[in-house]
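The next block holds one structure in the form of structure tokens; read it before the comments.
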Amino acid sequence: MADPLVGLVLLPLGWATLAFVLGPGRGAWAALAGIAAQAWLAWLLAAQVGAGGTARHAVGGWGAPLGIDLAADGLSAALLLLTQWLALGVALYARSYFAAGDPARRYFWPLAGFLLAGLNALFVANDLFNLYVTLELVGLAAVGLVAAAGGERQIAAALRYLFAALAGSGLYLFGVALVYGVYGTVSIATLAPLITPEAPRLVWIAGGLMALGLVVKSALFPFHFWLPPAHGGAPAPVSALLSALVVKASFYLLLRLWLGPFAPLAPAAAWLPALLGAAAIFWGSWRAIRAERLKPLIAWSTVAQLGYLFLIFPLLAVPAAFGAGVMQVFAHALAKAALFAAAGVFIQATGQDTVAGLAGAAARLPVTLFAIGLAGMTLAGLPPSAGFLAKWQLIEAALALGHWPIAVVALAGGLMAAVYVFRVLRQAFCLAPAGAPVAAVPRALEWTAFALAAASVLLGFFGVDLMTLIEVRA
Amino acid sequence: MKRLAVFCLACAFVVLTGGALIELGPAAIDLRGQVAAQLAASGVSHPVTAVLLNFRGYDTLLEVAVLLIALLAILAVTDKPPAAPVPAHPLLQAVARGATPAMILVAVYLLWAGAHRPGGAFQAGAVLAAAAVLLHLVGLLPGWGAPGLRLRLGLTAGFALFLALAAALLSQGALLQYPPAAAGTLILVIEAGLTVSLGLILAGLFLFLSRDEGGET
Amino acid sequence: MTSGLLFALVGVALFALGLAGLVLIGDVLRRILAFNLMGSGAFLVLVGLAQRNGVPDAVPQAMVLTGIVVAVAATALALALARRLDAQREGALPEDEDG
Amino acid sequence: MMVLVFDGLLACALLWSAWRALATPRLDRAIVFFIAFGLLMSLAWARLSAPDIALAEAAIGAGLTGALLLDAYGAISRRKGGK
Amino acid sequence: MSMHAWLPLAVLASSLVPGLVIFALPESWIGLRTALNLLGALVKLVLVGLLLAGVAAGEQYGFRHAVLPGLELAFKADALGLLFISLSAVLWLFTTLYAIGYLEGAPHRSRFFGFFSLCVTATMGIAMAGNLFTFFVFYELLTLATFPLVVHRGTPAAMHGGTVYLAYTLAGGAVLLAGIVWLHHLVGHTEFAHGGIAAALGPQYAGQLRIVFLLLIAGVGVKAALVPLHGWLPRAMVAPAPVSALLHAVAVVKAGAFGIVRIVYEVYGVEFAQSLGLLFPLAVAAAVTIVWGSLRALFQDDLKKRLAFSTVSQVAYIALGVALFGPIGTIGGLVHLVHQGIMKITLFFCAGNYAETLGLHKVSELSGVGRRMPATTLAFSIAALGMMGAPLTAGAVSKAWLIEGARAAEMEWVIGVLWTSSLLNAAYFLPILWRAWFRPPPAAWPDEHIPARGRRETAWLLLVPPLVTAAAVVVAGVFAAADWSPLAWAKLIAAREYVTPQ
């Protein structure tokens, strides 16, 4: 593929289609080969962006505003890299996870392929309407993956998720319609110089609606209601993809618009997301601490961890805040994928997913237990994990601007995360109930969970590389 | 209480946005001129088709993927075998039988017309789908079960063709960059493929769904 | 006032109506209707506002064609889920937030 | 002038049918209102010089969506009646 | 990479690598596990020896790696760090030997030794941290690595102890982090440097620097068990004896005390800290801790808890020495870092021997144990006398320098505190000795599961370590004037820290 930017969108579309044609449950190898190639392309792209600045591609050769431009700056390249490599881990996991007769397996590969295509297309899009289409691509694929498990709970969760996603993208589309009405274009690059603080009132309304829609899709408190049932109810590999990547996509878009075309308007509303983020941290952590089952615990933790992402908005005047946001996206994505993967291992081993039920199994699945430990370090922001670097930068940015309450929230949130993480971990040390059956689990499951968790910690040593990459701005 | 709050919010939103709409001046950029200027190079003479399949063809490519996703998700949640169709009145069946070839003709016309005037793959596909739904409703076409290989190929062919062409055109320098001379033909080929697949997909949205007739207890 | 502006205003109202319905109504089929009204509203604004000077604009029209197809896909998926849920049990959506 | 009156009436009809689709107590009637709404939308698109959308709206927006809704309503109400 | 960067990393790796390998070993591979443990401990001793020789000769060792722009993991092996490193490395070897004997036949030994090695690695990292950021990284790692050891037994009591331990240390970590980021924000880095880095800021920052100091000291004060942050230490005594011995007498509490030393000397600079008026409150906090810990120890019947409160009291001597403005007090505090370590580890080894051999956990059960286990009781007695500050022991040396330091700093009330503490030490240790040596033994021991074999009172792996460390208590006291003694090294550090050497 000549241009990695294009290849990253076309490849998953291609193998997803192939997987569907091959038939229900088939296509794992096509998927793995495709994702491996994508991972390599993302690597090429990151190198290219790091060396030569923003990569661009004018689809159809027309160029914006008539045509659609694709573009990748450091932020896009970083997220593409994260998406492909994380997907590679989840795909390896999923290949061993689904039992032969599992209904969730029938259309997993094509749906996952379209999901990845949607994510990649979203990260390289530079056109507001094209972004709407990618949002729908991601949203519907995600709903399909949740629903595919087929249980009553999952279907109900998927329906709730679908309505939230549709409401979110509807709000976004309405905003886009207003923007096109005002300026006559939807190309981000063309819009950026046009929007000024003196913009007509309609632009403010449009920005607000788009932000609201994206916030609903990112499950920011109080719009988080759809997330715990969906992420907590889906099969483990699906939960991993959703919690790690899908919610990040709409956050990415919000950040991109906030820092990009809408930057002149943004400061007016900077504290609102931060306040909601703080509420999300406390409420999500509290529910995670109280949860009795493992996957809902992890899903509530996602609600809390997403809160950190929104704390950065009043701090964006300091570069460290942007770094904190991206680092948190990476840290949480890797750690959360690892946690859901590990939860899947325990569920397969014990046939149930209560936290208390881990007592017998944890000692016999040490690799998985370590995965939870390492991922937990990242979530609680303990050094030397990537989560710690995110927390460090967040606190530093908060102090630099004198907004110390944000630093306090970050520290308190870390302690609350430690509480729910250790609630799980300590089960490993409890005296096991005698004779609890523990089924054999494929080793690939345990080790992929571990690899993801280890990556979330090891990234803590390579913060400089990531920060250098995301400094390449459009 | 909640109702009242939402109602007030909605009213405020309408007044605020409506007010802002009315006082709006002219747009900074007008794409109409650019569309008209490049129309000759697009391969078709109908501007909407030019935008849909050339200038913003990438949107359309992804949009077909959205349809496929919805179809996949529906397949993933409905796993029951199709129920036997309930035959309608013979007269209705006769009408439907007669209407089907006519609708196919209409679809072909719409597809062909799309290059110059209103019409195109979406409308044509919708008409095909409508024909299938009609046949199903009068009991002549059973609901679809898990799709076999041929149906899967049919559902994806249009998209796969579009995707393959888009990728092949990378050799021209960019994704979906038609060589001006061949643009019209290529667009027609893509639209033809899309018409078949869209017809099948849109029909599938109905026919796969309508499997759980009679309920499940 | 041009037809474009008039229908853009109607679009705003439809969008608000649909969104309010989506928030307030519990019944699944009704919510699907509400979502479609919301979408129609947004489409009307997209085309109507762009054509407020009365001249047709092909770009938003093409976008709306795309949008209509996306909307029908979403509607079909929502209906599939609703039917499956209904087949599995009767009654309203669960309120069990713990999942 | 006539044109503006027609537009105004169409706008009112659109809003009214949309409102009825949400507020009518009976679901089957609500769906019928919704299909009517789709056809009115199709008229509106024609008024906005967008015949492509008018075609698509009539075929997909009103037709296919309406059929899907009615079919789903039928399935659900049959199941309710059966129990 | 040059030798000078490589050596500190090798010191870390010599316990990290065996630790990670041990996790992966099956439970039954005892031989390989033991060999790895001992090999790691010996290699570390050799590496530390090389470092000691180099640093004594004035060599500089260090390694840096940036994790974020402007934020570096920095390691350096200086005289102060080596004091802590040498102590930990030597005691790790003995504790490993002891633990092998102690845990013979117990479950989850791979897990135990794995985390044990990680703890030592974290301690080394703390000792070699070249800035406050690196210090914090390893400080938190130490928390994480010790938690599994505290809850190792898996009983409800262990779980509770572990939870309390985590609650204290993680909260302390959060406070410490707040202080460090704030400092980093003010100064731009958190490097440890002679004379401190905070003094460079203008006087307008005095208020903020005082708050930062409070945060930092409160953060490290949790591990150093300064009253009122000491609550976790007695509860953590549910851990197996080797854990209590190495970690809660040496590694963890010393990590806190060591942090106080670094913060006062190399972050603020002792003179700047004095000018901000920060040393006096620190001295008061230390004095309160000394007296309060001793008082609480008096009323504990559980032997390990009594030792734990004694630790609370004794570790505060280090903070007190630091807070005494002047080189003599510093020397007293630093040398006590080593002396308290070898004395307290001896006491914990002995307590473990009593529990493991005879099932004795309470002071009131120790009657006559001196006749059944004379060697263990001898070691216990030496260390206890050292704690009281009896002549010819290590304890006497540190107390003498502390008293001199107080006099030099013209803080006479401190001398009163020290004497009070010594009296209290005597009051809670002498009854134990009396009971052990002079009271008649009971007819049967509660739970005698290592029978006396000939002249050996218990397993030799349990016996040798306390005897060696007890001997070290005497040697460090008698040969305090020698060139290689902890005292001499503390003097070297003090000479380097104070611009005007004595």
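Should a chain be cited, it is by its letter among A, B, C, D and E, assigned in written order, with residues numbered from 1 in that chain.
Quick note on the criterion: contacts are C-beta pairs under 8 Å (C-beta built on N, C-alpha and C of every residue); 3 or more make two chains touch, one makes a residue touch a chain.
This is a predicted model, so every value here is computed, not measured.
Separation of subunit C from subunit E in touch steps, taking the shortest path, is 2.
Under the contact definition stated at the top, the chains bordering both subunit B and subunit D are C.
Relative to the C-alpha centre of subunit E, the farthest chain centre belongs to D.
A simple rule picks the central chain: find each chain's mean C-alpha point, then take the one closest to the mean of all protein C-alpha atoms, which gives A.
Averaged C-alpha coordinates put the centre of subunit D at 78 Å from the centre of subunit E. Averaging Cα coordinates per chain places subunit C and subunit D 12 Å apart. One finds 37 Å separating the Cα centroids of subunit A and subunit D. Distance from the subunit B centre to the subunit E centre is 73 Å, each centre being the mean of its Cα atoms. Counting partner chains per residue, subunit C has residues 8-9, 13, 17-19, 23, 43, 49-50, 52, 56, 59, 61, 63, 65-66, 69-70, 72-74, 76-77, 79, 81-84, 87-88 touching two or more of them.
Shared interface positions of subunit A, defined as residues touching 2 or more other chains, are 129, 133, 136, 140, 143-144, 147, 150, 155, 158, 178, 181, 184.
Under the contact definition stated at the top, the residues of subunit D that touch 2 or more other chains are 50, 52, 56, 60, 64, 68, 72, 75, 79. Pairs of chains meeting the touch criterion are A-B, A-C, A-E, B-C, B-D, C-D. Within the complex formed with subunit A, the subunit B residues making contact are 16-17, 19-21, 23-25, 27-31, 34-35, 38, 54-59, 61-63, 65-66, 68-70, 72-73, 75-77, 79, 146, 149, 152-153, 155-156, 159-160, 163, 166-167, 170, 172-178.
The touching residues of subunit A, counted against subunit C in their complex, run 129, 132-133, 136, 140, 143-144, 147, 150, 152-153, 155-160, 162-163, 166-167, 170-171, 173-174, 176-178, 180-181, 184, 225, 228-229, 231-233, 287, 291-293, 295-296, 299. The residues of subunit E lying in touch with subunit A in their complex are 23, 65-69, 71, 73, 108, 111, 136-137, 140-141, 144, 147-148, 151-152, 154-155, 158-159, 162-163, 166, 170-171, 173-174, 177-178, 181-182, 184-185. Across the complex, subunit C is touched by residues 3-4, 7-8, 11, 14-15, 18-19, 21-22, 27, 30-31, 34, 37, 41, 44-45, 47-50, 52-53, 56-57, 60-61, 64-65, 68-69, 72-73, 75-76, 79-80, 83 of subunit D. On subunit B, the positions that touch subunit C within their shared complex are 2-3, 6-7, 9-11, 13-14, 17-18, 21-22, 24, 26-27, 31-32, 35, 47-48, 50-52, 55-56, 59-60, 63, 66-67, 69-71, 73-74, 77-78, 122, 202, 205-206, 208-209, 212, 215-216.
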